[in-house]
Amino acid sequence: MRETWHERFIDSPGVLKGAAREQTIVRVLDFHVGGNEFITMAGPCSVETEFQLMATANHVRRAGARILRGGAFKPRSSPYAFQGHGLEGLKMLARAREESGLAIVTEVMSEDDVPMVAEYADILQIGTRNMENYSLLEAAARSGRPILLKRGMAATIADWLRSAQLILNNGNPNVILCERGIRTFETATRNTFDVSAIALLKQISHLPVIADPSHAAGHRELVPVLARIAVASGADGLLVEVHPNPEKAWSDGEQSLDFAGFDAMMYDLEPWLELRGRELERREGDGALPMEAVG
Amino acid sequence: MRETWHERFIDSPGVLKGAAREQTIVRVLDFHVGGNEFITMAGPCSVETEFQLMATANHVRRAGARILRGGAFKPRSSPYAFQGHGLEGLKMLARAREESGLAIVTEVMSEDDVPMVAEYADILQIGTRNMENYSLLEAAARSGRPILLKRGMAATIADWLRSAQLILNNGNPNVILCERGIRTFETATRNTFDVSAIALLKQISHLPVIADPSHAAGHRELVPVLARIAVASGADGLLVEVHPNPEKAWSDGEQSLDFAGFDAMMYDLEPWLELRGRELERREGDGALPMEAVG
Amino acid sequence: MRETWHERFIDSPGVLKGAAREQTIVRVLDFHVGGNEFITMAGPCSVETEFQLMATANHVRRAGARILRGGAFKPRSSPYAFQGHGLEGLKMLARAREESGLAIVTEVMSEDDVPMVAEYADILQIGTRNMENYSLLEAAARSGRPILLKRGMAATIADWLRSAQLILNNGNPNVILCERGIRTFETATRNTFDVSAIALLKQISHLPVIADPSHAAGHRELVPVLARIAVASGADGLLVEVHPNPEKAWSDGEQSLDFAGFDAMMYDLEPWLELRGRELERREGDGALPMEAVG
Amino acid sequence: MRETWHERFIDSPGVLKGAAREQTIVRVLDFHVGGNEFITMAGPCSVETEFQLMATANHVRRAGARILRGGAFKPRSSPYAFQGHGLEGLKMLARAREESGLAIVTEVMSEDDVPMVAEYADILQIGTRNMENYSLLEAAARSGRPILLKRGMAATIADWLRSAQLILNNGNPNVILCERGIRTFETATRNTFDVSAIALLKQISHLPVIADPSHAAGHRELVPVLARIAVASGADGLLVEVHPNPEKAWSDGEQSLDFAGFDAMMYDLEPWLELRGRELERREGDGALPMEAVG
């Protein structure tokens, strides 16, 4: 099967594991994504107000997050929805970094905005709708910032890796893949969380892979269990939506955790993360959980 | 959201959790599916020979399985493929039970075969292609045997629960749901393992839910990690394909584990199952892992 | 491409066009499905009352239909919905045939019902949910009646042809394929009408293919235009839901045409059917519209 | 249902038919898209050489095409594939317009390229992968050129109309929608041609809608029959890939017609287009084929 899989991904040789190729470890501030640590990125869907952002940053940091997420530019599917604060939002994110010590990940939606967003953010997010916007991928790659590449709604794993390869081809090795669910016939969840894609990618690729349980589920009740599943899948971290008052969020409130919900999730993840850590130690920190050794 | 979900499943009130409704616990021989124990069902796709079946039964029992799976009637998508040994296969399964002490789960594909299959099997499996074969559901329900109801390839969770409800309506409360992946555009895996469906079902329904990582993945390399994911999802057990020599299996060899692979999987699952057990104890055995309490 | 396609359908050699193989023409009463005539099958989703059925039969016959459809056994997805009149419904259908001269197509859902349904119906319909119910396919095949085989919701064309092949293997060459839409992420229509499947099947297979615009659309406003599209696709006929009072239909009312709507559809189809007829004549009645000759 | 549909598309009021709103008719050179004429856009996937382009332009013009298609910038899914000639390709397209009198439609993939592409092209194409690239949509809209908006692979009709609305919101009313198939589980065709989407859009929207049978089918043998189906669906035109030597095309050769194939298609479409014309006349040129009146 390995051979079959490698043929399927033949357009993207640079992202596949090979004899000499080590695991990609992305340095961000004073920590790493893709190493042994499980990294939680948390924060609101949109940067709304100074208060909302600071309160969230301080809270999620205390609960164990390392990276603050928040949208300054929003790819809202409706042209009448809130479009984001733009530059002002980026400045708020930078102030939140100063105050909290968290790194910042935020989406860039336009090639022309890349220099501005790269000035303020530690990681540039390429959103689901832009996974195959090759001009944006190239511009973001050339900024030198690590790239968080979300999977497109109808993107196969092979498509996704081709977009990652394009970033590498533009001189940027620091790509973090993010599984956020694919679009299928099932509507009880907002998307269908393709956890097998994470498991498969950890076997064939050296790139870090994280999970976005918020967009996968679309309902906050499912977010904690999907986070636990992500830990078991071998993912390197989480991207989670948290809001001080989800009922009043300007976007995606239904899938955002409130502070108490985030605390409960982090508390309950602890034994699962400890187990993950023990397994990694046993494997001498090669980034793979034991199951991957079977193949 | 709870309300929304309940509306979505309004045709199937009997399978939903309610104030007074306790978790469904299905007694099989001397153990239970849907209680605190995590139950592994393992065995070959098809019953091929006495030797193949006995060797597998003895092996998986020693590794911790409680139930032997094996097809005597095969819903082979090609009319030229092996169709199964029929009654002779059922008798082999019964001898394997005697010898190994394992319970037997096997698929019934025709309403006319229900009495015969029910005579030999402890659990009747309704296959993916028959999830909405209402005549078969009714006949199987009335046999009094517990029913393992696999999800249809394009069945929504709501569709699936309607089929479960139909079994309840025919006087049989012992339904075990089995997630085995849905059909989507992604072809790197045989099906798309909808683990969110398991998580969601554990929140809204009192029925036991198990996972079939073999059909979900379609490649044996992914089976162990999907099994670990199933544990984290709150599933009540596994249905796994195991064969003494997968390369020579008459069907589904690519997704079958060999004995060593099965042993490795069971060994590596142990700490994850211990953790699951501790969490359940902490929750006083109500069948829900901690995360479910957030919603 | 032809080669590729033939490889894809290699399990079903008997349904593919070959050098010597002629178009399958299914004789029903005094007319044919799969010959040059475009056959319209129309009637209610469910047989409800004598009046409803007779009124519909007489109306659709005058408007040009040759076959009356109507369900005596209903595969209702909800166990609480109307399940059909059963034998009494079959008898009503037989009386409608006597009175109107129309042939009868009705669904059989259980292998045990095959002899009874075959006694009353001219064509046995295998429904979407049972396309891979191999026991039912075999029983229906052996009845000797022509089989209308609806496509499963998640069935590929290759899966569908395998089921057709199974019917042929059981001694029954009279299979009519019916495209009724597949399940996808799009919800504006009830299903996604895969008209390319009809076009492709007319190129590779000698079996007649008809279209069910009612289930494909799910909304009556789209039914006439999908019917016109079916004519252009090379389909051999239509299966359309018609009801005297769709607002009060016991099932599928939203997608049923009323009598005036059916008349308007048939009237507006006329020039398109005339054009289809001229094209067939030009091709000396080989069953293919001109476009198919390009390949 | 009308009400339901309108609710579904409530974010995009400007693209829906209303009491006073007339059909959008897009003027291009000396003809119109969205009026009574059926407009064929044809040409190679990629602009390869001067000879290839001129030969194709002259040929398709003589066969009845009004617009020349050809990619100067290619959104190739593999980063190793041919990326297009860029500016040189645009200049070749402009020379082909001068020589042939055809209008030019070509894809723009980057906001920064919009001014340059708009200088040479008569219609800017937004490709499938960029349907929700809102920055590009805005930049393209503000160029003042008509926009050909291809449907995203996993875009619902509602998503697609939101993108169209965004173009209108940026001051550009000249949007032409192009159905090119959606991504589903079926792999016998490259995409699943959602012809119901065309039919539905002609009922609810005043925007012109065309069909791309080449990408929908993925195999040239199906292109002519899908073109005929598009005529029956009420579409306003076609976008078809034509190449002097498809076997040697640098991209998409398998789905490109050669000159003889294009001639045959255009010849065989003639009676269907005549019929379409007569129906439109009968309806006094309101842009709707008769079937739409039933709803």
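Which chain is which? They are A, B, C and D, in the order written, and residues in each are numbered from 1.
The rule is short, and it goes like this: a contact is a pair of C-beta atoms (placed from the backbone, for glycine too) under 8 Å apart; a residue touches a chain by one contact, two chains touch by 3 or more.
Source: prediction; values computed, not measured.
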{"item": "Selected interface, B-C versus A-C, where C-beta contact pairs are more numerous", "value": "B-C"}
{"item": "Chain at maximum distance from subunit C, centres defined as averaged CA atoms", "value": "A"}
{"item": "Cα-centroid distance, subunit B relative to subunit C, in whole angstrom", "value": "35"}
{"item": "Computed distance of Cα centres, subunit C from subunit A, in Å", "value": "48"}
{"item": "Subunit A and subunit B: spacing of chain centres that average the CA atoms, whole Å", "value": "32"}
{"item": "Multi-partner residues of subunit A (each touching 2 or more other chains)", "value": "154, 183-185, 187"}
{"item": "Graph class of chain-chain contacts, one of line, ring, star, complete, other", "value": "complete"}
{"item": "For the subunit B and subunit D complex, residues of the former touching the latter", "value": "183-185, 187"}
{"item": "Subunit D residues touching subunit A - in the complex, by the definition given at the top", "value": "11, 75, 77-80, 109-113, 129-130, 132-136, 152-154, 159, 162, 165-166, 169, 183"}
{"item": "Residue ranges of subunit C in contact with subunit D within the complex", "value": "1-2, 5, 8, 154, 156-158, 182, 184-189, 192-197, 199-200, 202-203, 216-217, 219-229, 231-234, 254, 257, 261, 264-265, 268, 271-272, 275, 278-279, 289-295"}
